[in-house]
Structures are given as C-alpha cells and as structure tokens.
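Each of the next two complexes has chain A plus one more chain, namely chain B in the first and chain C in the second.
On to the complex of A and B.
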C-alpha cells in the first residue's frame, strides 16, 4: 500500500466484553525456547495446581505439583509463537509470557518459481521466491542464507545467494542462450527444492526465403529458421508468405516443419513476394517470369 | 473548486472512511503503515486493501473459532499450515475442556513482501489483545498481550487466505 504517511483508523473499541484484567503474580518462565525443545517452568509453594500454556497455535494443560519444576518434554511445544503460561493453584494465579522461536535449521522450503516456460535470452525473465520453514513448519524469521542456482546443460550456472528477511527470499535470473530444460534450485542449509523451467527458442533471426519456378507455380522455401542464439525455431511456428501483384494478393500460412517452411504460389509476372513470422519480417522477392 | 493543497487531505480522509467501513469495528483500532517492501513487483492499492481486509477478517474468524472451539470457522480464511495448526489447537482445547477468547485492541499492519510472481504477500502486524482463558467455563485469567505477528497470505478464488500466522514478542 503506497501510502505516504500512516493513518489511524478511528474505530477504537473498548475491551468491555472481557472482564477486567486479572491481577496475577508473575510466573517464572524462560524468555524464549526453541520449538520442539525441552524446558521447565519453576513453581513455588506446595500442593496441587494446574498449568496452562496458551497461544493460538497450541495449548497445553498439566496437573502439577507446586514447588516442583514442571517439565515440558521435547516435542510437546513445537509451534512457534507468543505464549501465555498460567499457573492456577486454587488460591492464586501466576502468569508469564514467553516465545517459542523457530529452530534455526531449515527443513522445508516453499519455492515459487515463474514462469514454467519462457524464451531464451530474457533478462531477469525468471523469478524465484522462497519461504523457509523449520521441521515443525514454523517460518524461520531470523535471517537465513538462501542460494538460488539456475543450470542449463552446456552453459555456465547462474548462482545467487540472498539472505531471507522475515522468512522470505527472492531472486531474478536471466534465461540462458540454449533451449532446453533448466533446473532452478533453491537451497537453505541442507534442504533444497528444484523446479524445471523450459527454455524455448526466441524469435527467428534473419528469416530468408528462396523461390524457384515449378510449372505455373513458384516454390517458396525458407532457410532453416534459427533464433539469434542459434537455436532451431520450434516446428509448428507459423510462417506467412504474401504475394502481391497488380491489385491482387495471395497469403499462405504454413507451419514450420523440420525447421523450414514451404509453400506454392501462382507465378505472376512482376509479383512481389514477402515472408514473415510473428513480428519478424524476412526478405522480399520480385518475381519475373523467364 | 478544490485547491491542490486540499486534495491530499481529502484523499486521506476518504481512505480512512473507506477503510473503517471495510475493516469493521471488531478489529479494534487498525493502523496501516506505509509499505516497506522487498521484491520487484509493485503492489497495487486495490490489492493491498484486499489483503488487509481479508487478513483482518481472518483474525475475526480465528477469534470466533478459538472461542467456540469450532474448526469449521477457519475454512474461509485459513489454508495450509495455518489452518492445520489452529485446527489442532481448537481440537486440543475441546479435548481439555478449555476455551480462549482473544479480544483485539489494535492492529498495526505493514506489508513487507509481495512475491515476484504475485502468489504471496507477507505482512507484519503489531497486535495488542486481551486473552481470556476459560476452563470448563470458569475464567482462569485475562491478560493483555502485545505481540508481533508475521503473516503470509496467498490468493484463492475470490479472496486472500492466511497460510502462515506466527507471533513473537515485540
């Protein structure tokens, strides 16, 4: 939202639907723990109590012996978030807040790569975005190096390493000069994700046709079509031959077959014949009957 | 005729009125910070407005779902990991006989990332809320919490859905 200044929406409401905030003693909890790890919460006094650990992402409830530390075992609390711990001993309530932070070790990557198919030689034509998660599907918000690699057979590998910001990292890459399947790999720590991107030839470069007489017709045939990087243009690409003569015009659309396009047009003396495909114009021939 | 100097204020006021109508009063006060984005893709104003609107609606759904212990209330606004985790919380609450009420006092939202292919938006929200814990309908405590939430939303058919919603302390 490209707003030049922040603005406050004046719809503040009171928290009247909830009772007045409780006056409770402070519970001694660790400031933060790593997701999935074991930790303990100290308690004081004697007798029985109930410990609650509450957050939108997870809740725990334990009967506890007051005066003894409450052990939270490894794997008991594995969702990152800000939690409220509440110890109710019947006569009093103690509360404390703490964070469960994501583990630093990436375990899965959510990798969005686009497009899945594009022409060769396109500057910044390929984009990749990654979200980095730990083993418990917590977004790792601490800066994490993420490397991107785009490899195309018989070409040098493009590599970039960026640091994630709040769990997200992105990059742009150029498509290569050769057609074929490119492997786009994102890696963080020991995990990687791969996407395949199909690189197809670009527009033809130097479209050229030749003409020869065949009875009362003219045989037209292009040279093998290649893009500016030398890749053969895909068969099926439409090539248009246009013949114009003394007020008349003939147009023939033919698909490329084995790299060339062929057509026959009537042999009109003085006709002009042109060839084009997509936005690319080829040569023009002026036909003279001999 | 409106002078040029007045136009920006008028635009901002219109934005405020439009926003308050769209976002509703159940979200407490809502402050939207200027975007501070990484990424090459520009974020259209309409897209940003839709993202914030759907994000705030997701909070309302989450609050209702946690208070009523109903996982079905998550379906419209949450997807993937976020939905799975909140659904597990609700199932666990129901099993333990507890409910939680989250009464949001304020949101302070900033969009920080729009992925290049347009398939995700990340935002940061400094939220202030009261959380009330009830065990078998007996209130155990009500506490005011300040937390920073990081959310990732992805587009669905007609709305943005929350795929990640995760907090830490401010």
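On to the complex of A and C.
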C-alpha cells in the first residue's frame, strides 16, 4: 500500500515538475476545502486524463473525462493540509494547489488535566489544557472558545472561558477547601471532556493524643485528625508515637483508622510520650504511674 | 644438560607433592573439597565443637544432632528448626560462611566454649553466637546445645481491618490525553554529606507527603568544581522503599574512594512510584537504646502487632546529634521471623567516633513477608 502511494506521489511530482516535456497549465481548483466535504475540480479540453491529488498522508488517483468536472466525494479528503492536484492528459499537464482546512465544528477534545490529586486550598494548583479536533482528528487551528468548569461538591463552581490559539487552550484553577472528587469539565461547542481531580486533605492541624492506662501498658489514642480546613485526614496516614524514658525509647508507626491512630506502649513511670505525623508535631505527655 | 635435570627434578617434586597431598591432606583442604570435616576428633572440647560446627556447615543435621550430649531434651526436628527457623525467615535461606570456636574455661569433666556462627545471606551476613557447655563422656567430649525454641503461635483467626491501596493505571488503549494517576509527592527533608574513611557518605531523610503509598528510591550525583560528574549512586537497600502516607525513611548512599574536598555540589534525585500496598503489619519498636562508646550498639526489640507473620524485618536506625542534625544511618536485617506479639531483638553496631556525638535516635522498620512484597 505504501509502495503504491509512494509511486503515485512520485509520478505526480514528476509530472508537475517536468514542464519542458509537457505543456503545463493551471488547474482550476478551489482555494480551500473543508476536511471531509465534497467538492469538484473543473477540467477543460477533451479525451482521457488522470488526476492525482497529493497531500499529507493522503493520495487520490482518478481517471477523468476531460471537459467534465471531477467529483471528490464527501470523506475522500479528510486530512487537513496543503494539497497538490495534477491532471495528466498525455502531452499536457495541469496543476493546481489548494488547502484542506479543518471543520470549524469541534468533534473531540484531548483534555490534559494535572494533577490527578492535590491538597485542598492550593492557588492555581490545577491546570487544564485542551486540544480541539474536528471529526477527522484535524487540529482546529481557528480560534475556538473553550470553557473550563471545576465543580467541587458543596462549593461554588469555578468557570473560565478561553479562546484557543492554534488549536490549544489552557487555564489554571484553585483547589477548593473541601476534600473529595472535583469534576473538571472542558467544553467546546457541543463536545465536552471530563476529568476527575481528587482533592485530598492537607497536613494535620492540631495533632493531639490522649493516654490512659491499660494493664501494664499505656493506651495512646489521637483525637480525630483534621487538616486546617476541617477535613478528616485520610485513613492510612502514618502517625508516630514515641515514648522515651531513662535512656530508653519505644516508637511505633501506626496508620490512621477511622480518623484516629491508636497504639499501646509499655508503661514506664516518668516516660515522655510524643506524637507526630510527617513533619507535624503533636502534643507531649509525661506519664506518671498511678 | 643442567636445564633438563632441573626440569626432571621439578616434575618429580610436583608428582611427589600431589601424592602426599592426596594421601595425607590437610584437614582444611579436605573439608573445602567436600571430603569431610576439618576435624572429626572429639578428644578436646574445642575439637568437639569444631566438629559439630563443620557438620552444620555441611548441613549434616543428623550427624550434628547425634554428636550432642543433650539430644534427649529435644528432637532433631527441633534442633533443625532452631538453626534454620521455624517460619520462613532469613535463616531459612542462609548458609554458614564461617565459624569461630573460643574456649572460655575448662575442667576435667566440663568446659565452656563460645561458638560464633557467621551465616551468609543475600542481604549480608548475620552472627549467631552460642555459648556451649561441653561434657567429657569418658572417651570423648560432647557439646550441649543451648536450644532456642521459637515460640509457636496457636492457631487462631486475627481480624485485621487496616487499609489496603490498590491502583488502576491508564490502559494502553486510552487516548494520550486521558488522565492517569500521578506518582506520589515525596520530599527530601534532610540531607548532608559526611566524610568517612571509606569515602563520602550522603545521608538524609525522605518524606512521603502524599495520601497514597509510594515505592521510593534516592539517587545522588556528586559534582566536581567544574560541574563534571564524579560519581553517581543510589540508596539500594539503605532505605525503606515502601513509604505509607506521611512516613519518613532515612537513606544512606556511599561513594567509596571519593574525598569530600573533591565535591562541589550534590544533585539529589528522589523517585517515587504509586504502588499497591497494605498498612498492615504494624511493628512496634520497643526498648530502643544506644549503648555508650566504645562498642556502641543501637538495640531494641520488634513486636509485630498484626496477625501476619513477617519473614524478614529490616531495621533502619537514624541518629542525630544535640542540635538535631542527622549524623548517621545504620541498618540490620532480623534473622528470625516476627510472629504476632512476639518480641525479636535487634542490635545495630554504631561507629565509635559517631556514637560519642549521638544525642537521639529513631528507628523505622521495613517488612517483607513470604509470598510477596508487602
């Protein structure tokens, strides 16, 4: 298939570039054609000829009756770009150039939304970039209005409308104050694409633990962990309890479960017990055996 | 003429030595050739223990067991379990690299001998030191094996409700613009190089500041004064590779034969991948203590608070000076499995010069269970 195409391209180019061997005239072709649409090319004279239409990744060959228009059916030429038409009729060659332009109606959007996950309360933390394509996957380079909408449950919707430049439009959005999945929608014309941005809690605020005796052990438990916006810190977050006494130390990394971290450590009189998660320190307790 | 005579003499001498070596080999050569022990004599306490240790190195469990004086106190199966571990652990895959026998004291009827068994594994060696009583049984000496019976966990069901994270990535057929899940955000919260006798060591700590688990690694590149690369290396196993949300791991990267004076800057490259992981098991590190220099050790015991057996635990100790500056990172693998609620001790040597400057320490544990990476 590729060999045939290469051969045809070669023939067409050779035919158009050998004016000395044949009388070359200008072919009457439309200046531009919308991708995928039907159009015709007028021919003059009489007899038989062969029409070659050569463009980016697409070549057409038609046997034509000279003097009659050559019909190019809808969908025959669907790749946008600059095309060369060559009509070869024995001793004469006619050539013409035209552009196939993308349809103005967006059909698909490639929507790149970053990141897929971010903490709440981040200014311009979310970026969305859209590439607008027509039904034949041609990038629509004409300015096209693209609207972006970020909707977060129980919060107001953020909206922006941006005009695409050379087929691309992009914007930035803030993450909201509440955790949860935000729907990030880009829309151009009648088409839209949706991405989900996971808004996760920030660092814990006011990490506090309580201690009580449980047999020969100390039962440690944090208050429900929340970030500074009041969101519950994600389960699985590691909380580190450290007990220090008289040169000795016990540590345990515990994942949050149902919002709290719980651990048991040996009960040493006078022990200092601290709690931390990541780089956030919590309160400290000095343990006295009753 | 003289040369020919010399050649003949050398040939004769070689043949003679081969014959002597074959007929009367030195014990060590015979042992390395697989032809038997260094010594099978038990005429002295040291020889009895050496013979016993040789049997261990050849995995001759029955022979080793039958040479024991107290074999009536436990079965051969108990003895083998003591050596290789009851549950899958580092011991299960270890081979005896070498051993040392050190007599402590002796009388006519009884002696005490220290046996230091150095086992070799894929993550390095570990030492198993036992003090053996050796009893004179008239015509020979026989060791008394101080059996360590691993605790057995009674059959039971332990409900575990910790989190597990699973990941669905973008499929290969998806559009290039389709959304994928981002890698976890990790951050180096502390890093500095130190010069040691072996070369430059880059120490630091890495934080997973995301809400998802991360498989992490740290690469460092030493750059010279003209910006050229001196050396590049990564933390290999001197790091806890699996970091749960908000968890911190120390890391250590060694650059042998490099001097700190050659280094102008260091380029750090932490990498993270989103992986499926479980918040289980939880390991408590009890009784952490740093014994004072010289002969300083960071010791403690690990307690598995979950219901799952942990085959291998990797303890990483992080040491800080009075100002809170990180001064050293050291690690050790436990040779025995961590059974639920059963303490297993660890002991990590700390360089003497650094031990004098250490004010506080912290330990983290990475765990591996038979059947998969957890």
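Methods note: the second predicted complex is superposed on the first by the 260 of 290 C-alpha atoms of A that agree within 3 Å, B and C clash if a C-alpha of one lies under 4 Å from a C-alpha of the other, contacts with A are read in each partner's own complex, and residues count from 1 in each chain.
Rule of thumb we're sticking to: contacts are C-beta pairs under 8 Å (C-beta built on N, C-alpha and C of every residue); 3 or more make two chains touch, one makes a residue touch a chain.
Remember, it's a predicted structure, so these values are computed and weren't measured experimentally.
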Touching partner for A:172 - first (chain B), second (chain C), both, neither: first
First (chain B), second (chain C), both or neither touched by A:116: second
Touched partner set for A:56, first chain B, second chain C, both or neither: first
Touching partner for A:281 - first (chain B), second (chain C), both, neither: neither
Touched partner set for A:235, first chain B, second chain C, both or neither: second
Which superposed partner A:255 touches (first chain B, second chain C, both, neither): second
Touch count on chain A, higher of chain B and chain C: B
Contacts of A:137 with chain B and chain C, given as first, second, both or neither: first
Touching partner for A:200 - first (chain B), second (chain C), both, neither: second
First, second, both or neither for A:74, with chain B first and chain C second: neither
Chain A residues contacted in one complex by chain B, in the other by chain C: 112-114, 131
Footprint of chain A on chain C - complex, ascending: 161-163, 165, 175-177, 179-182, 189, 207, 209-213, 244-248, 279, 282-289, 300, 305, 361-365
Chain B to chain A touching residues, read off their complex: 8, 12, 15-16, 19-20, 23-35, 38-40, 43, 45, 48-49, 52, 62, 66, 81, 84-86, 88-89, 92-93, 96, 98, 100-103, 105-106, 111-113, 115-117, 119-120, 122, 124, 130-133, 135, 139-145, 147, 150, 152, 164-169
Residue numbers on chain A that touch chain B, as the complex places them: 1-13, 15, 17-22, 24, 32, 50, 52, 54-59, 61, 79-82, 84, 86, 88, 93, 95, 97, 99, 101-102, 112-114, 124, 127-129, 131, 133, 137-139, 141, 165-168, 170, 172
Residues on chain A engaged by chain C in the complex (per definition of touch): 109-117, 131, 193, 195-196, 200-201, 203, 234-239, 242, 247-255, 257, 263-266, 277-279
